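Can you keep this structure in mind? I'll have questions shortly.
The letters A, B, C, D and E name the chains in turn, as written, and every chain counts its residues from 1.
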């Protein structure tokens, strides 16, 4: 029993990391129809910046939090402004290619500005262990689960009650027409990018604390992308659950079957679900009418 | 006696809405039948059922006595059902020729491997299809845009390409969904001429959805009026035109117009 | 003259990953190669020629390794190769190198297939993973009699080599493996694996990851508060890994054929390096610097022995006939008529978190 | 200046070339290809060989993604299958290479049906996931069946001897690849102008209308998967021969992304685009090196600390800048150039 | 207004297009040297056959040309003093110029109500309620369908949403690209009624592209006719109605006569427009 609970808890912890990044994929997709393939890299860069801030300020968690959130926003806005905005209205695959180009650049930047070494990111009590009735968890892992639920609540409220949320959907559906409604599509994109950077940055930083900080951190993006698909590309909240499902499934398969099947288990689940629901668990069906 | 196309008590539901509700209709070789009715009456849905895009909820559709229930959707066209679409459904990135050639698809047999070799039957078929397509292009007077990508054509030109593509399928009955919408008088005249010619030269039956009453009244043999998915009336154009139900729900001509007009105007005025 | 030789220069080439996480290995290796070269050049070069190095980055991608090797041989026309990246990359390069006949060193990722049967111009310096693993297992079996073993291996040829070593050790000693698993390369979360380790009450754990994976494994053990003796292999035997794991890395058992930096010989090596390397390069020194240095030194010794009559044939001949070469960081290196493998002996060592270093275990 | 040519029969419309001039250009192109190895050294030849192999793979992907609109991130799966099919049949079982090549196409083609079936209902980026999954699953299978595949250790592959002719030098291997490339181009061109090719395009542009026009969506999507995987599998076998060694390490996921990049940069859906894109992207690292080389010795000094990252940076930048200036890819550029040429001195 | 013989007599036209030349893909010239103006409070109709360049012109007016690789090569477009060629679409909309685009362009995945809400993107919540009320009264059908996904509506219902959505913005200048496309006669009447009313009550200016020439000419003060990218004929509506060519080619009267000719009697020959010769 404890064994199962321990599997579940570590599954949730890693699943929450996937979930946060998956949400950032989804929010950009939902508001601009674009898949940002450099999401994992962005979360890595933000984690590195947080690390630099923390080593520079003796790990004061508040300064690190404020500094890295601030950086995440500025960074996302800069990327959006410089690389993405000019591509608006171009074929979607060209836009996606630009994000792939960005990912190459970001990976190079990390090793250029920092190094290729793994680091232990110590921040406040992030690494400390907490005991939950015999199950030990790191503080950072609790934090990431909490952050995920905060993000879910925030996004739900936002899309439920805000007209800006509606405008985001409109831009994704057809940015040209959204402009005809007076929507400043650029601003919508900026907001989406900023939100996504904050979410994936949080995931990156907390992952770095609980596990390690290294230039292979970007691989999280490749894990989160399937989670987004599972939840439904345009469902920000659905993709959060997609992440949790994959995290837990991986751990259960690793814990009961075999860890060499871990990687595949997630995919098999996704394919099975997609065969029944081709738009993911919570995704919007594409309108088909003649 | 089996009709070319016969619908019996056809119903189609979307969730709670009965988009088509117990419609019966039949059409003979060489007939032109128009379907009219207010927006959302179920006309396009009716076409979607006949062309296999949607399955019927209840009722039956048959072509030359053959029930379509067991036929897979992509084979409807082989029984002679061709159609155009209200909202244009062209293959945007293909050229005009490519688009019309797709209409010939089912009449060709080339397999993937033959196609890759482009030899023998594959080449013969291709030439034959191309010849037919050139005829259609000439008939529709769109030679000058033959090699253009259809996405860059104007709306009206695209409609003609759609008509061409439907003709290329060698239909026995041709379903035209608001084919002259967005065309001016002159272009409408052209299309009217095409429709009459198609009927005359090929003996194709035509089922026409149209809001242009002049066209409907001028060229139809019979008119079928729908509202809320149900048949209001069916008959000669003049009879349908003066049918009170049709006037009230759809035409609003004469007195109806005067009634509806100020009513709306007043409501709007109040709201403003 | 042979390619890569002018009146004033001898050109060497190497291919290694300088980007991405494997860059940890490639960059350190390159520093070692440079050190060996600088040492020779400072002593007046070889028969009046200065030695120069051309480096190619392959990012640990096999196709790029092959492209790079072709470029080094065909375009840059180097005289010899000091490295061909990692295990799989070097394996894939063998046909080209063999065909070209260029003298080539293999200081990283040694596999028996690279020297059995011997390839005339390819020299493997160091020890195979299999033998290293065998020695490590024998040591652990001796020090932990009756222990339950857990094994976590990567699902590639590296993991396979370790598995072979373990199997060989089982022939000679009592090793009771109660849990064994393979993971896909690049995995980061080892929670489920370690839970199974915990459930199996493992006393000795072979952490067969490279860098990140071992960090993950040890940190997870800490989280589950289990304290098996954890043994890791040399690819990740660098201070950065200890630092990244944190205090839990204390007592980690390692194995290597080059000397630990904290040993006397290791310190001497660092001192030597400081004389020749830039300030940026010194902190990058790790075990790969030593292997790079040693293999290059062996190569340069052979080249030197040829003096003015510098050809591939001569170099290869000298490589096999030279007396054992003393490198200071590992046992003397020698090859023979039909021996292309230095078969360097390994030492077992233990990690110390405070100094971020390893020191040889006293039996 | 070229102007429209008059066509007298319908057959002329269908022909691939429509004038003597065009045929002469093609001939010149072929001679150029044949002459290439004489200009290049060892490295240059391997570079153009790699370009040709990438172009073949990209043309294969183009059938699925460019024409049929099915985005695939898992083409490496079929490359791996093709490479192993060749390696196992030729190296392990000693079958003739010509059969090895056939299997390198057929095995992935049939395997792709397994990927295709669960993909039938998926659209757009959702499809990326089944294909991505196939890449992981195929790798796992290769490791699992190590009796056949030699597991992680891989299989060495010799240069093939076909009908007694040994393609044993780099230049000869290039000719083999170029020849297969030429066959691929012809097959693709033929396919594109056939009912099959049009059905693919129709499915991409409007699958519902395609169905009403009598195109069986399931069948044609599977055909697209099969045709694409067939070609991709062959490129995988060639790649294995080029590397002389087949392991799953030789086919990282990166290759699939690169293949997609080739199509996008070249111009989606165009055969010439796939070829141009392959030349451009495979050659790009050379260009960035060359740019870097211009900075001379100081740059070289920088080598061990940052040059490689900077190369990566430049690589990414070039791609982004290129797409920003020419979002329709190299084919867009080509078309603009052609238009400017035919219209000159007018602009439109 | 209609007393004016030409639009340009006005001191400061509301919308003014001068010598516009528009090119697609750097190669296709869709509009050449078109000048046209719309005075405040008037209804101006632009007629013309398929492919004449009408929609292209409207795209230029709303600054959405670049989305299709189009470019205003020469000429200028001004609206209430603003240079539209240099303005962003959202700024143009903020100034009160709203377009009902060709092909409806609904947000297919949103409900009818959400689509309407998007139309009032720049309005406050209370205005939104009021405007929704208005539109629902104009199109009762939409009220019935308010929570239905727009993409599943019938063609005509979608057109109603498109027009309704534009009205939600309470534009100063409403630009309509074929508003009657696909609508039942009754609804067309209602739409024209509404436009007439809004223009009366709100002094809204309307610029209209239409194929339904009869309706458009009844409503319009001034009419332009465009062919092949050029304005070939323009004049006050009454005058245009008596033009023989217009009667024949746009209103469908048999040449010279007062009778509408029947579509059954169309002759099989190619006509040539007098104004093109």
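As a convention for this text, a contact is a pair of C-beta atoms (placed from the backbone, for glycine too) under 8 Å apart; a residue touches a chain by one contact, two chains touch by 3 or more.
This structure is a prediction, so every number in the text was calculated from the model and none was measured.
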Most heavily contacting chain pair (counted by C-beta pairs in contact): B-E
Reference chain D; chain at largest CA-centroid distance: E
Chain B and chain D: spacing of chain centres that average the CA atoms, whole Å: 41
Whole-Å separation of chain centres (CA-atom averages), chain B against chain C: 73
For chain A paired with chain B, centre-to-centre distance based on mean C-alpha positions, whole Å: 47
Whole-Å gap between the CA centroids of chain C and chain D: 36
Multi-chain contact residues (two or more partners), chain D: 136, 140, 143, 208-209, 212, 308-309, 311-312
Junction residues of chain E, two or more chains touched: 28, 152
Shared-contact residues (touching 2 or more other chains) in chain C: 19, 23, 27, 155, 184
Footprint of chain C on chain A - complex, ascending: 3, 6-7, 10-11, 13-14, 107-108, 111, 116-120, 122, 127, 129, 136-138, 211-216, 219-220, 250-255, 258-260, 262-263
Contact footprint of chain B on chain D as seen in their complex: 10-11, 13-14, 187-188, 190-191, 193-199, 201-202, 204-206, 208-217, 223, 226-227, 269
Chain D partner contacts - residues on chain A that touch it in the complex: 35, 83, 86-87, 90-91, 93-94, 96-98, 100-105, 107-109, 111-112, 225-226, 229, 233, 260-261, 263-264, 267-268, 270-271, 274-275, 278-280, 283, 286, 288, 290
Residues of chain C touching chain A in the complex: 19-24, 27, 155, 181-184, 186-189, 191-193, 195-196, 199, 211-212, 215-216, 219, 222-225, 240-241, 243-246
Contact footprint of chain D on chain C as seen in their complex: 18-19, 23, 27, 30-31, 34, 55, 57, 59, 61-63, 66-67, 70-71, 73-75, 88-89, 91-92, 94-96, 113, 155-157, 159-160, 184, 280-281
